[in-house]
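Below you will find the structure I want to go over with you.
Lettered A, B, C and D in written order, each chain numbered from 1.
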Amino acid sequence: MRTGADVAQHAFVKPLLVRFKHCDPAGIVFYPRYFEMINDLVEDWCAEGLGLSFGEMHLREGMGVPTANIECRFSAPSFLGDTLVRSLEVTRLGRSSMTLRIRFAGANDETRLQATLVLVWVAKGEGGRPAPIAVPAAQREAIVRFAAPDSDIEGVS
Amino acid sequence: MRTGADVAQHAFVKPLLVRFKHCDPAGIVFYPRYFEMINDLVEDWCAEGLGLSFGEMHLREGMGVPTANIECRFSAPSFLGDTLVRSLEVTRLGRSSMTLRIRFAGANDETRLQATLVLVWVAKGEGGRPAPIAVPAAQREAIVRFAAPDSDIEGVS
Amino acid sequence: MRTGADVAQHAFVKPLLVRFKHCDPAGIVFYPRYFEMINDLVEDWCAEGLGLSFGEMHLREGMGVPTANIECRFSAPSFLGDTLVRSLEVTRLGRSSMTLRIRFAGANDETRLQATLVLVWVAKGEGGRPAPIAVPAAQREAIVRFAAPDSDIEGVS
Amino acid sequence: MRTGADVAQHAFVKPLLVRFKHCDPAGIVFYPRYFEMINDLVEDWCAEGLGLSFGEMHLREGMGVPTANIECRFSAPSFLGDTLVRSLEVTRLGRSSMTLRIRFAGANDETRLQATLVLVWVAKGEGGRPAPIAVPAAQREAIVRFAAPDSDIEGVS
């Protein structure tokens, strides 16, 4: 099991408060809300980690990074008022797609969820339909800085 | 107080089940979810009552009916599993704007909420910015059929 | 690839309209909204297919069916106004947990998403913490009626 | 029209980034999301301004501050990537209820929305049903510090 300390050196990390709006009648986070939290984290990472905000992406010829696949294990419930430490690292980088590993942890670094997402870089092609594109060079260079130690992503040299 | 029977003759009516996703840690509907239910009702009314779906609206030169003002009184809480009877009637119709009165009632016709919304018909003008337009003729004709008895909207003749 | 016709005989099926609230600035369903749609389907299946609504569950000693794991592949985008045919079938049934396979299809039965969920039956134990329980007998009997043909779930006899 | 400078001295102020999840197919904030942003602001104000978090409230005998009435005027749309400055001030304080005035402003202090909310302090009474209670003394003392200059709330002396 990876600990918070291992993750902290290369991962993109953002805490988040569990709010009233996230919680269900059982008093815990309703799981679709976790995916909003995950998407917010990816959004922040693009803007702060890769230098390309979602706003700029969508203005730049309808670029985007839709999620093609997601796998998520919910290990323990989160309660109203908890602070979740969300971390993101990259485990694979292809021509158009990238795989992200995301972890949410509670106050004692216990895992609340662990997710693996495959995102694809797309842009509006002919006819207006989004089609996969090569990851832009500036972002590719930034992405490798968030590579997980156990990934086989090679840095730029 | 208007009863369900009064409303039924001219109003647009749709029931809705209170679902898990609507409810908060107190086990009742979280109020921002009520506004999603209200928006769904307006969406259904446009499609089924006025013959113009939100999908068609947005394809037709960026038309839309954004909400300019909303006032909502929450009279009693709604619980998981409740069926809410949502009704909509028109209380004012201007050149570009219309005022809707919406009521959600529980199983014994007791009021859960009563809302008044002002919606404005807009379309993308020069420069791409939405600007108010006259309510399209076909929709204007349909809207008056949902006029509240206590409104001063005149029917088409 | 399983077609809609194969699914229809044993699966729990519910259509759903893609609404304005589901869609993002790219005009397609924002993926966390898909998980709300999935949860709504599970909620309807429990109430209509298994005879135990989420409301009753939570009143009965804090029972629930939290999601422990979810895997979802998004094959094609869904647009405002699309009707999605959502189908659910059971692929595994254990003592406390069950695995569901969910598919959303568009108008020509093309797959929009395919998801696999593991749900665990829990109830509040000593100390108020939810703990796994055996699937209640009445629900177990109902669940097997939704078993996928390629599953190894044995019917009651 | 009150300006940001007037508000800053006594109001509770929190900025917020307009995110992808907030925006609709027209690329602007979907109005039910504004009510989530408003509720988040009230939640932060209770925790940071009044010293009583929503988590503590709900643990303390089912206390809460449900919204009884809300009126909101949407003056101008907000776009993905905008930073909204949200401010809250108190305009009325009764035995059990309080009226809040909330304003969201854009980068040049232009008003995006202005809302008036009536909140009621409640606690679970006999039978488990929430009933109005007097605003707790510690919170009453804190609330008056956020009184709008044009309100008739008297400070503690």
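Note that in this section contacts are C-beta pairs under 8 Å (C-beta built on N, C-alpha and C of every residue); 3 or more make two chains touch, one makes a residue touch a chain.
None of the values given here were measured: they were computed from a predicted structure.
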Chain centres computed over CA atoms; the one at greatest distance from chain B is chain A
Quick check: more C-beta contact pairs at A-B or at A-D?
A-D
Rounded to the nearest whole Å, what is the centre-to-centre distance of chain A and chain B, using the mean of the C-alpha atoms as each centre?
37
Distance between the CA centroids of chain A and chain C (whole Å) is 25
Rounded to the nearest whole Å, what is the centre-to-centre distance of chain A and chain D, using the mean of the C-alpha atoms as each centre?
30
Which chain C residues sit where two or more other chains touch them?
20-21, 25-27, 30, 32, 36, 39, 58, 80
The residues of chain C that touch chain A in their complex are 25-26, 30-33, 35-36, 39, 58, 62, 64, 66-74, 77, 130
Residue ranges of chain B in contact with chain C within the complex
19-21, 27, 36, 39-40, 43, 53-56, 58, 79-81
Contact footprint of chain C on chain D as seen in their complex:
20-21, 23-25, 27, 30, 32, 80
